[in-house]
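Each remark here refers to the structure printed beneath this line.
Should a chain be cited, it is by its letter among A, B, C and D, assigned in written order, with residues numbered from 1 in that chain.
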Amino acid sequence: MECGEPVEQVAIRPGMSVNELVVQLSRAGAYNGGALARAADIYERMLRDPETVKFFGLAGAMVPAGMGKIVSDLISAGHIDILVSTGANLTHDIIEALGCRHYHGSSACSDIELRHEEINRIYDVFLPNDAFITFEQFIQESLALLDPVATYPIGELLSLLGRRLDRGILATAAQNGIPVYCPAVADSMIGLQCWLYSQSGKISVDAFLDMKALLDACFCAKRAGVLAVGGGVPKNFILQSMLMTPNGFTYAVQLTGDRPDLGGLSGATLDEARSWGKITEEAAAVTVYGDATITLPVLVAAVLERMAQ
Amino acid sequence: MECGEPVEQVAIRPGMSVNELVVQLSRAGAYNGGALARAADIYERMLRDPETVKFFGLAGAMVPAGMGKIVSDLISAGHIDILVSTGANLTHDIIEALGCRHYHGSSACSDIELRHEEINRIYDVFLPNDAFITFEQFIQESLALLDPVATYPIGELLSLLGRRLDRGILATAAQNGIPVYCPAVADSMIGLQCWLYSQSGKISVDAFLDMKALLDACFCAKRAGVLAVGGGVPKNFILQSMLMTPNGFTYAVQLTGDRPDLGGLSGATLDEARSWGKITEEAAAVTVYGDATITLPVLVAAVLERMAQ
Amino acid sequence: MECGEPVEQVAIRPGMSVNELVVQLSRAGAYNGGALARAADIYERMLRDPETVKFFGLAGAMVPAGMGKIVSDLISAGHIDILVSTGANLTHDIIEALGCRHYHGSSACSDIELRHEEINRIYDVFLPNDAFITFEQFIQESLALLDPVATYPIGELLSLLGRRLDRGILATAAQNGIPVYCPAVADSMIGLQCWLYSQSGKISVDAFLDMKALLDACFCAKRAGVLAVGGGVPKNFILQSMLMTPNGFTYAVQLTGDRPDLGGLSGATLDEARSWGKITEEAAAVTVYGDATITLPVLVAAVLERMAQ
Amino acid sequence: MECGEPVEQVAIRPGMSVNELVVQLSRAGAYNGGALARAADIYERMLRDPETVKFFGLAGAMVPAGMGKIVSDLISAGHIDILVSTGANLTHDIIEALGCRHYHGSSACSDIELRHEEINRIYDVFLPNDAFITFEQFIQESLALLDPVATYPIGELLSLLGRRLDRGILATAAQNGIPVYCPAVADSMIGLQCWLYSQSGKISVDAFLDMKALLDACFCAKRAGVLAVGGGVPKNFILQSMLMTPNGFTYAVQLTGDRPDLGGLSGATLDEARSWGKITEEAAAVTVYGDATITLPVLVAAVLERMAQ
């Protein structure tokens, strides 16, 4: 046990850039502020490493909170090679891409009144139910374009949807040829719409077909890195994908609001992932505990500023 | 705004039963102790209601923590009609059913050393890697029994596994004809094994086929109730299943360690679910914040004691 | 790194006692359920050790939540030698001892309406403002009994109040000659009342005078143990009190809802306390993360059951 | 219930200033990112209001984490009129002012080894024990300067210490004539040193004397505002100080890592404070949940940038 660098007191300068602030947090180096600064260092190294396959995990209701454009911009900039998302984020991405909007609301309200006014609540975000009518029409039309005798991987279904949209995460991924995986797609409005379609039409989507392409990518990767926003299925699906290869992730950053002592994977430290071989013994890895609506924009702004220098 | 009953100070009697303690918490009525007591009242009403379809959601690493038998005992007792689980819990259930064990460990340890000794860590639980060799053999043998030209729903794949085991959650569910849904099964060691099998054999598992039976059950249900341990895919997959019906859940209890202000569904209050119509306007619903390794056993012990009276 | 005992799956028996349940949690041994079981083992050893001075730290709004009687009953049973509390808990203890009540309320309500109806809210507990009128009268009368030229330690002020009450924590402590320390007493309604009294009368209370008796007790203690409910001033004031002696605490249990990664002492692990020498190198120590309105009653019920056997 | 503005997707621009980022968060408006943006709006209004007495509450181990200079710079800039702190933050402030340093460490380490090497740990910050020898010498020398027959308010004791230092929070406060209150000063190394001094010397510090000046300031204040970092004694001591006046706080921002459902004041929402009259019915108030080592620098950088425009 040895002391590292001295803690430098954070100095605020009016007008300082986000990265200047993160550099200050780096010199202070403590708690989650320090962890966020280490995350920026790791994410910068990961993005600058041309031989690293870059994974991005997207869990938590991030798109309704306005965090979706950060993801699509990272795709456009070439900073995401493989995206794994919850179905809910993709549902809300489609809704926004179709021109429907989420709205500022309040968490202190009557949910019964909201029900009567046909407004759905996501903490302090409101989403009028109309959006799901537009959404239903889009999905039903899209599914009708599928070949009824073919079996699709989930990723291909999502790619079809993305090609029919002109903005947002799915659209940008489709435009850039970036695969989007969503193993729990059935657990979302997309899943309910597929069920609805299957009442009259025919659709065949395989639960495991995506894994071949994903694991091939993992086997081919010289190195792999991951930025996981939230935990859930995306975090584990990404981390486990390297388990079958001789390697693990070399770079790993997680932004999560959960906590480790409850035992769940969403809050588990990335050190734990070392014991499984999901990340390498020497992996540069850090977990930042906090709300990703704060930590994600700060992290990305800091690292993009460094990349632009 | 009116004051309810006075807060009664909790009285501890040496030797008191778990339900006696929960009754004391009910009279105190505050914070998560009060919420846990309300959860017991709701869960009791749900279990006593013969016309309610009883869902159980299982997320978080509950089986490695010794919470699996509570689930299988609830199935045996007829208290679960439909189980929705993460893939990880089913993986660890199979591991235990095959005679492998999880072990008391520590969260303060070197994960690199653990890696060298081939021990996987889940917070303070250790799982020697050997277990996965036994697991692999079992799954590969099981998959070989599938009809290579048939397409299976995920639930049927899990049912097959359950029928080949003699204890645990999957086995008990199979013995009792209780469906087990796991929409994100690809996100688990079961998923990786299916991929492995598909490298040489043929397996076809549909991502959406389960939804027909599930939604049929929802349409037929006079009333529905849910006990959700953790959030994740199981919580939402259960709650969304009633969205397509004219009804919502009448009883809803969630035990979670997450928090609402981060916006994610795992920590969202059940009130929020009211705005969506996932639960009815009049639903009896409560969220208990805390570690389910404490709240689940206390809740179930209290309610089973009441049912036995 | 070695595996410990196998994780035993928790078995629920209807009618089981609280300690039977905790023994089950002990055999499972994981996450906070396991920590709670270890806390019971440590607290039992501490209570059974005749040569240990037993500290109890009381933070968080525990009395309004009905947890006060657990504390006064522990005092009556001889299980607390030194109590350190926040001022708020003592304020609410006095309010209840004076016959005023806290009431079941709701956290989802209009605080402006509550304000109009003169009801104060503590999460989901309501306290009508009337209580503070009764409280004010009691405190002002009590302070008038003080010798205006004497300087009192805070503990003696509290002892005076306790002697004028016939139930509750302060009363029971006074009856049993147990010192109650409250270093931040100014930060409470008691403090505001003292200020009010000093507008016309004279009162002299020393901020440090209590420390002599406390540290003398620490120097004399062969061993020391602590059960800290919450963190805050009580946790640190207790732990630091052994810093001046050659020893540290031998037994230490903390029940807290905070978390370590934020750096604050309230959520800090007790391991951290080992580096400071607040607890001994070999101390039996555990932190249980969760709401003390659940963990405290379960812990105390289990240990009292063992003591009664 | 009505929908507010649409959620705007956050756009990151490399090199953007901290306030530009916070403005983006304001347009997204969701979860704690949205709360942080609202906090910036409220804090800006508070700092720009010349008739508002500006309180600052400092809890949590902020100085060891490098957050102390933000506080002293706010004092220098005239943005703090009254500071309320925990004793620990002042202890660490003195240590840094005396030239001793805190160091980058790790939370994954052997606390027993640290003990052997005489290094104290605060989560992932290390503080060699030497610092306390320097600290002891300084405090003992300082106390010897006190008039042994006078009775001091705690604030005056702290002011004396501040005048003997040339940098840091206490020094800057003393230089600017800003009162520093620390009602729980006994609960800190300063308290232990006072006890040590009283073993041979004489010192008389009153627990309540500060309240007169504080409440006079509250009665004179046309309006009052507060930025509370963490909860603990500082939050409540500040909020309760307006209870005796006909007014409450008009502006209130809290940055906390605690949570409301546990009932403790540290995690309580500021809405709850409305029911008590601690803040006014119309008060602009917001709680940002998260680690203050992230939220405090972002908040202050954003608001100072606005003030500089």
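Quick note on the criterion: a residue touches a chain if its C-beta (ideal position, glycine included) is under 8 Å from a C-beta of that chain, and two chains touch if they have at least 3 such contacts.
Bear in mind that the values here come from a model prediction, so they are computed numbers and not experimental data.
Asker: Determine whether chain C and chain D, two copies of the same sequence, contact each other through the same residue numbers or different ones, counting it as same when over half of the numbers at the interface appear on both sides.
Answerer: same
Asker: Looking at CA centres, what chain is most distant from chain A?
Answerer: C
Asker: Suppose each chain is reduced to the average of its Cα coordinates; what separation in Å results between chain A and chain C?
Answerer: That pair's centroid distance is 42 Å.
Asker: For chain A and chain B, let me know how many angstrom lie between their CA-based centres, rounded off.
Answerer: Here the centre of chain B sits 25 Å away from the centre of chain A.
Asker: Would you mind pulling out the distance in Å between where the CA atoms of chain B average out and where those of chain C do?
Answerer: 35
Asker: Would you pick out the residues of chain B that each touch at least 2 other chains?
Answerer: Correct list: 30-32, 64-65, 108, 114, 119, 122-125, 259, 261-263, 271, 289, 291, 293.
Asker: Contact residues on chain D for chain A in the complex?
Answerer: 1, 3-19, 21, 24-25, 27-34, 36, 64-70, 73, 96, 101-105, 108-110, 113-114, 117, 119, 122-126, 128, 271, 289-291, 293-295, 297-298, 300-301, 304-305, 307-308
Asker: Using the touch definition up top, name the residues of chain B that touch chain D in the complex.
Answerer: Residues in contact with chain D: 30-32, 35, 108, 259, 261-263, 289.
Asker: Taking the touch rule as given, give the residues of chain B at its contact with chain A in the complex, in rising order.
Answerer: 59-61, 64-65, 88, 107, 111-112, 114-115, 119-125, 151, 154, 183-189, 191-192, 194-196, 198, 203-208, 210-212, 215, 230, 232-233, 236-237, 240, 243-244, 257-268, 271-277, 281, 291-293
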